[in-house]
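Several structures are given next for inspection.
Two complexes come next, and they have one chain in common, subunit A, joined by subunit B in the first and subunit C in the second.
Showing the complex of A and B:
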């Protein structure tokens, strides 16, 4: 596993791509958080005068959803392209060790990317006495979120030899995970106005997602088509079955199932857990949540590779 | 082939669903047994012990509604976000006891909802717009926007806090209600609502009256057409109340039909101008003008209140409900403050029988009028005793009191009293006009030996040197001579309490930011002495940054030019440890310098210790007084509190006179009076309030000068530093690889390639 780890890590830094990714990430993050005002907080960082990295951590999920897939896209797809994949699969080591070695290399690269932004806290220290708790928490949150996105990217990289396809697929899923958190207010209102429909979405969407993944792993078009058809049918039909939404002024009337859905969405929202840790409050369930995402996608990656190994 | 694919797909799907379910179960368990770690330095996201205790003791939920402008001023772009974040934190930390919602008010709605908002006491927050934030800033105008919170607890009347601001610049730090004080504001409001909860109904309340209450009903003959018997309904309701208690006296005054001035104004100020038709209440066919009166003036023990506009009341019970609130307020037991003033009289024209006029008399009057407290001027020379029903005793310039006066205060404190002592080491005369224009004359105030001994006994020592704040300036806005433009007015060199000087955890330090504290001296506390007497100390104000002590060149009349430069090396010694030379008039002090502190515990009586004798009165003793010269009778000590401040100048109208009554009484004194308000409230609400944390932390702000060069340098380091380092590292590595390749090829004998 260590040999795989070293090989992958060297792969990042031997090429210009690794250095380019770190450089682009640092420049992008710093420009957005120091000079521009993407979150509309009233001017650039110096003008706001707040001795914190709030904007930096605020935009990180969106930037990570684009940059981390670029890190992970080569993890398996590169081996497939260079035809070293078969060699790896025939090595007398378990598949999970190969996958873990690659994942840890990606994680180390992610840590290097974050280390590239340490000039920001250095500047904070130069401008006064910042509260280091939220800064530390923010970096932990970034690392955990990046680790989760990396696991998603690792899994998708294992499904295709096309790096661009791996990148776009991973980026879409990561952006979806972040966007889900941003849309929580809208989804919460939906859960309150149409609780049954929201409940159906919450239960069926992950199952259909897993079915689509399984179909792409097994290259089973019929299952994929069935998943899409079933998803469309169930999630549309529920609106016919569900009663018309209550009047606007009664939208806030809470139903138990609506509240349950809202609470559940809070627990599965990547962004909510990220923001909690980023502001300096670490909940153990937040840590477990990110660890679960990592475990789920690394396991999916291992099983998908094993299915290929035996096919 | 298809079967094999399907088998893999199903196998994978099964495994992934099982894993997802297992991980969901793990997450559920983690949520059920979650732990929390607040990494912030001041535990910003954790409720203080006091708030937690309060929320645990609540039997019902608290609901907070935040009323916010949909389009706040550009400076407040993040206001809603900041308040929302804070409310969410509180909701999460309260374990479900607190819920919140937001009501956004658009400009269009604000007009429609004006009446409703007024009824709910929601008012606009007004920001003063200036051309800058330093003392040379000029006021450019005002900007209003909605930012208020309404706190509901149970079925009681909600409490509204207007003017909730977020911290954007230095000016905001001195405002009363901010995002970082919301935890305290909400908790305190709940305490207030809970304290009001046990009110007796109005009919029972009037049966307990000790004095007569007079309710005068003023109504016009004309009444709204839709409710022509309104006047009679109100009258019947008041008479019903009078039936409950002979103490209730009802009078009625009827303003003649159609009384209106020629310019259209109504003849009496509380009449209601209405768009609806009015009719003569005696003859509903006769139409009246579009205004009418329904005003009840209530007078009790010299206090009065006016209730007007009964338009919506149609029954006697609803009328009684309408006047219940003001009546409760008038009849509630008053918080009583006692004031002991320094000897002397500044009014040479005082008539016999009138109380002596001291520099603090205006402040006392202000406190009485504004806070609704009863204010008792205690002349110990006459009364010989401090009433024991006082909430707080405030002693101005105790360093000048006679020994017997101090004896009485000592006994009061030892018996569990709450005392605020405002020491005044220096008497200041600020000349802004006349021959000594723009000078400050300081004279050392005498400190009696017995006061020094008394302080020493309690482990307290007052320094000798007056303290100056280099950047100190109080800035009440004053109209300029040239025109209507207002400009800040400085009180030079006076210490002004800044947020950084205040103990944010202390209730006593609440709302003191921006308070001028002219020429305090340092307070030194002997902690060993306090520990021996089990007295808890909580510092309230400790001055930081650029505080200078004054070394008088001529102690008899040390005039200081107001524009003195504290940068002049000839006059100022910057090293706090150095021995000042003979020409040095100012020396920088080693900060922080303590100028206000709160001591709580059971104070021993100074006169009980070592069996000291009772001091003599200046006048003959009253019956029952301890005999002078004999050993003081032993006091049964109880827990009390002593708030010490080493400057009374903020309430000294004589010192502030040069600035005009308007600035002094309306701007400066309200700040200084906050000391007593804080103290009185801790007396009213007890330990629940004392334990609340006043301010939760906020992200620190940039300090130091932000020059363009410094800004560009850090931009370069942050944006370009790492990429350039990586580029350099890459180039070095490529060079090294090229060199290694050359060496390798040379070793093979092939020679370097061109």
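Showing the complex of A and C:
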């Protein structure tokens, strides 16, 4: 496993691409942190005249959803393309160790990327007395989030020999994971006005997702097509089906089940856990959440590669 | 060392391997022969545990490939069809990685590195980037990674494909040096390649095993079957009529000159059988009033046997080759039984690397061309006396002048289409 880890890490730093990704990430994060104001703090850095890392941590999940797939895309896809895959799969090393070696190399690279942005807190320390608690918590949150995204990327990289495809698929899933938290408000609203439609969405979307996944792993095009067709049909059909209109003066209250569903979405929302840890509250719930995402996707990766032997 | 028992592999509904069984012993070099898409690579992938078979079992060094893949992987060195190289590494680092990945480290790794670098002649290229190596050196690096842990079993998938003749010879010599204490399987689609180093051949086609035997077995078979070339004016229906002649195994139609029919018969019963068939063909043509332009018996090369197997034509089992030395014609026929081919022959056989070459390759022409290039044809049959050059024999008996011989050789090289009267007519 160490041999694989070393080889992969070299792969990152031997090529200019690795250094390029780090450089681009640091510059992007710095610029966005200074120019954006997603947290509504009253304008960008120049207007506000005050420096804080809140913008940095605020935008990190979205930036990571794009940058981390670029780190993970080569992990397996490159081997799949150049026949070293055959060598790796016939080495006397269990596949899970090969996958883990690759994953840890990616994680080390991710840590290097984050280390590159340490210039920011150092700058803060130069100007004044920053509150180190949130800065520390924020970096831990970033690392955990990145680790989870990296596992997603590792899994998708193992499904294809096309790096670009691995990148886009991983990016979509990561953006989806981040977006799910933002979707909660919308779904809560929907659950109040059209509870049946909301319930259908909540139940069918994960099933369709699983079918699409099975289709991409098992290379069964029919399953994928059926999943998309079924998804379109069911999810649009619920809107044709008339529900009793809600009286304007009577706001419906969510049923206990509805509340539970919305709460569950909060639990699987990456963003909520990220914010909790970022606030400096390192709680077990969040750690378990990110750790289970990592374990799930690394296992999926191993399983998908092993299942190729029997296809 | 390797036992393969009835392995079948489906890719979806496509049957890539159909009930293939064979054994390879220690010290044996098995040439795994067949055209592209015959199932060679699939078999190797099953043996290396890269994929699992749909049915059947295989054991490598006593371990089952399905039940104990880890144990199998520790004991094999595998060169896939495309060498598994990381282009961004230098050769030395790459080989060190391959060693570490197989559990070598410290002085053991250093010592094995030195050994494989010496064996594969990579010393000058250790500091080169893998992506900048020539094809031959890439192939050697691929072989070096397969050897780094000194495996008991070596599985090489087309180790010589795309290499130039010098590189092919080097790889061949390397396999020859390694054969002592290992069990080696290598695949190729070029017959000469396989006969040059393999002690045994397994021929597969369309996922099925069509032949399994030593080179000598196949050579003996080659001397039992003979070819007879027939060129007749008109000759409609002759092909069907000849099929019924006793001693004829198969009849093939070839491109004739305008107005003629050119057929190639495969006969059993050695040279005597071929001669009997010639007489019958002559009688048949005379009774039907067909003008016979050429009727020439000739020996079959291994290449002919090989092509016949790939086309699924019958061949007689290994039979009484002993009768051959008694027959004067047989010695001439036997000169075309190619045992170990010469470098020149291999060079001329290179076009066979293309997939479409199977039907156009003319082994007789290759042998003749090789001879004209100054190579001597060795015969691998100890029972046969040294075969004389048929031209030299003719010259010694006073039948031909030196100028005649030169003209005849030129004519054979040109392979012209003008009808000429052959020996048997």
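Definition applied: the second predicted complex is superposed on the first by the 280 of 311 C-alpha atoms of A that agree within 3 Å, B and C clash if a C-alpha of one lies under 4 Å from a C-alpha of the other, contacts with A are read in each partner's own complex, and residues count from 1 in each chain.
The working rule: a residue touches a chain if its C-beta (ideal position, glycine included) is under 8 Å from a C-beta of that chain, and two chains touch if they have at least 3 such contacts.
Nothing here was measured: the structure is a model prediction, and the numbers come from that model.
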Touching partner for A:131 - first (subunit B), second (subunit C), both, neither: first
First (subunit B), second (subunit C), both or neither touched by A:206: first
Which of subunit B and subunit C A:285 touches, first, second, both or neither: first
Subunit A: partner with more touched residues, subunit B or subunit C: B
Overlap of subunit C and subunit B interfaces on subunit A (superposed complexes): 311
Complex contacts: residues of subunit A adjacent to subunit C: 2-4, 6-7, 10-11, 14-15, 82-87, 89-94, 308-311
Parts of subunit B lying in touch with subunit A, wherever the complex brings them together: 2, 4-6, 8-13, 15-17, 19-20, 23, 26-27, 30-31, 33-42, 44-45, 74-75, 77-78, 85, 101, 168-169, 697, 699-704, 706, 711, 714-715, 717-723, 726-727, 729-730
Interface residues, subunit C side, partner subunit A - complex: 11, 45, 48-52, 70, 73-74, 76, 78, 80-89, 93, 97-98, 100-103, 145
Parts of subunit A lying in touch with subunit B, wherever the complex brings them together: 16, 19, 22-23, 26-27, 30-31, 34-35, 40-42, 46, 49-52, 54, 116-117, 119-120, 122-123, 126-134, 136-137, 206-207, 210-211, 213-215, 217-220, 222-223, 252, 267, 279-285, 288-289, 292, 295-296, 299-300, 303-304, 307, 311
